[in-house]
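Every chain is named by a letter (A, B and C) in the order it is written, and numbering of its residues begins at 1.
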Amino acid sequence: MRASARLEVVRRDGRNVLVDARSEPPFAVRRAGDRILFVGSAAAPVGGDELEIDVAIRAGASAMIGTVAATSVWPGPHGDRSSIRTTMSVGAGARLTWWPEPVVSIVDSNHRSSTQVSLEDGAHCTIVEEVSLGRSGQAPGTLELEIRVERDGRPIVHHTERFGPFEPGAGSAVGVGAARHVISGVVVGPDAGDPLTVVGRSDQSGGGAHGAWLPVGPDAAMVLVVAPDRPAALQLLCRLRPCLQPGALVAGTNAPG
Amino acid sequence: MGTDHDHDHPHEHPHEHDHSHSHGSHVHPPQPGIGERPLRIGIGGPVGSGKTTLVGALCQLLRDELSLAVVTNDIFTTEDAQALRRAGVLPEDRIVAVETGCCPHTAIRDDIAANLDAIEELEARLDAAGTAVDVTLVESGGDNLTAVFSTGLVDAQIFVLDTAGGDDVPRKGGPGVAMADVLVINKVDLAPYVGADVERMLSDAAERRPGRPVVPTSLVDPSGADVLADWIRDELVAWRSGVSATVTV
Amino acid sequence: MTSAATFLLADGRFPAGGHAQSAGVESAVRFGDVSDLATLERYLHGRLSTTGVVEAAFAAASSGADDVRLDVLGAELEARLVSPRAREISRRLGRQTMRAARAAWPSDRLDHLARSVGGSHQPIVLGVMVGGAGGSPLDAATLVLHHLSAAVTSAAIRLLALDPIAVLALQVRTLPMIDAIVVEAPVWADAEPAALPAVGGALTEILAQDHASWDARLFVA
């Protein structure tokens, strides 16, 4: 199954206006206060599905985009791979927060998620992808997560990670060790490139959470957190960058009209 | 404009070394020649012989007249840095630690790239800050008697033995004992307590390295390194006049 | 490139400061991840298929690249080195390799790389050096993985006193993985830099940055 969704937000008369919100099943787009939310059916994506999301935030506009619920990724009938490709452009002086609920990799699934962001001059973004490696008590499937952020055609950061029990080195300190929740974020904007690099750790049962705020440029940073579960991951994230949490407003964002 | 060079006769002033290759017109970048960069002195010797104490003593004796930098291969902690700062030996920004990957002799002799990079970066940084370095001291990680500094890394080297390490060590020799420009027999004040025969050590060493300096020291007080500080001063003068041979102590 | 030249480039004694690089093993040992042959083998597989792939790809892509392409490759590789420490170490190793490269196989392209502030990244310097020696993208990629395997295994031997003969057998078992990775070298040689592999690991970056703050490091990375 192939499906796509498209969003465009412009700045008009002092408000952020959603001018285009086309979506095909399994996608639907809803507004909730100042947020734009994707709603997907609980059964998507399934192995073999190819989904595309295209987001354009035009000059001077702001948007906060997320999902209503976690996206569970299921195995297809023949072990086919499912994929979601998200392409986002953020115009001059525009602001985007993209923070979907976690992707849950269900045992035996095979999924690829690619997020490509292009920024224009003065654009800011907070892009956060969360991954839950398996449902409770179950192993994860195979999952590849790619995040690439560019500005004016030049790369700022490009990080791809492969999860799952069949990956070479699975379980080692090359990847995520024994962690079951991973947060990967890219923040571009004021203070993001603070030269202070923070490496945090919380020691708890289950291996503890580890993470770091890693500047990649004068105004950009990648944040990585691995933890036994989502609460531990979010707690460490808040310590690394007070207080970056789902639902936190991007500086200067106004509620879309 | 001075006299033109007469190219039929040997030159007596320093030249840049031009490592030309036969690969067309491309040239390996010329390295600064004798006297055109800081003098680099290696300090080597077995663990515990007193290298670090010697480095500290030399810094205290020379820092008011010379701009010094230190690169250490010894395992270096923030505690060590703080101790040096408290003792006022040398500001922390003049000291750099280089990891050797558990191979201290490799790092000063067989594969000097990491040390060379650290030395050049440190010298360039201090130069850019307006405090060009006169002498860079390079301290090896503690190793055994077979370790020596590459001539690609340092211009002269001091090898430090101590009386408590055994008074038969100079007789055993080895490249460190034989090749160092100065051999130091340190901790002579401990000799009575460990039953070491210092005279024998000095004469054994002289046999292993005829005509080259052997210096007994006790570094309980930094002034115990006066002789070596003088040697460095003389080395620097010779270095700057383009003479590469070391002077006698 | 002659076999003799290849073997010189592959020699563990090649004087580019590689002996002080553990490829994250020092961190992994303290983290409790690597403690014996089995966990070393797992770590090696992980490292080869993440940072190894990226470094091999960029070395292959650099081996025949002109100055313009080299600059783009430098920017793309930098974007894949997420932690500041990883970027710093990559440039430091690049400077160290550059010293040996310019003495051994000097070239205008190496001169171009040497002019980058802080130096150029290690895989790119190595790639250009291999190209200058007459080597192919496949040679460059294979050398990267060969040296990575050596860095990982020799660090583990020094830190854990593992039997070097058993470790050699482990390296030989890993050769098919290396062969399978470098088969892509001709594709990488001509690829758009933005499309080159970017695969890495979260803990690789987090632990590398943490390592920078350690007291008494034995290895540089």
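The criterion applied here is as follows: a residue touches a chain if its C-beta (ideal position, glycine included) is under 8 Å from a C-beta of that chain, and two chains touch if they have at least 3 such contacts.
Model, not experiment: these values are computed from the prediction.
Looking at chain A and chain B, the chains in contact with each of them are C. Nearest to the common centre of all protein CA atoms is the CA centroid of chain C.
The interface holding more C-beta pairs in contact, when B-C is weighed against A-C, is A-C. Averaged Cα coordinates give chain A a centre that lies 54 Å from the centre of chain B. Between chain B and chain C the centroid-to-centroid distance comes to 32 Å (mean Cα coordinates, whole Å).
Taking each chain's centre as the mean of its C-alpha atoms, chain A lies 29 Å from chain C. Chain contact summary for the complex, chain B toward chain C: residues 19, 21, 23, 26-29, 75-79, 98-103, 106-107, 110-114, 116-117. The residues of chain C lying in touch with chain A in their complex are 24, 27-28, 31, 33-34, 39, 42-51, 75-76, 78-80, 82-85, 177, 194, 197-207, 209-210, 212-213.
On the chain C side of its complex with chain B, the touching residues are 13-22, 92, 95-97, 99-100, 102-103, 106-108, 111, 114, 155, 158-159, 215-220.
Considering their complex, residues 146, 148, 154-162, 167-177, 182, 184, 197, 199, 210-212, 214-216, 222, 224-226 of chain A touch chain C.
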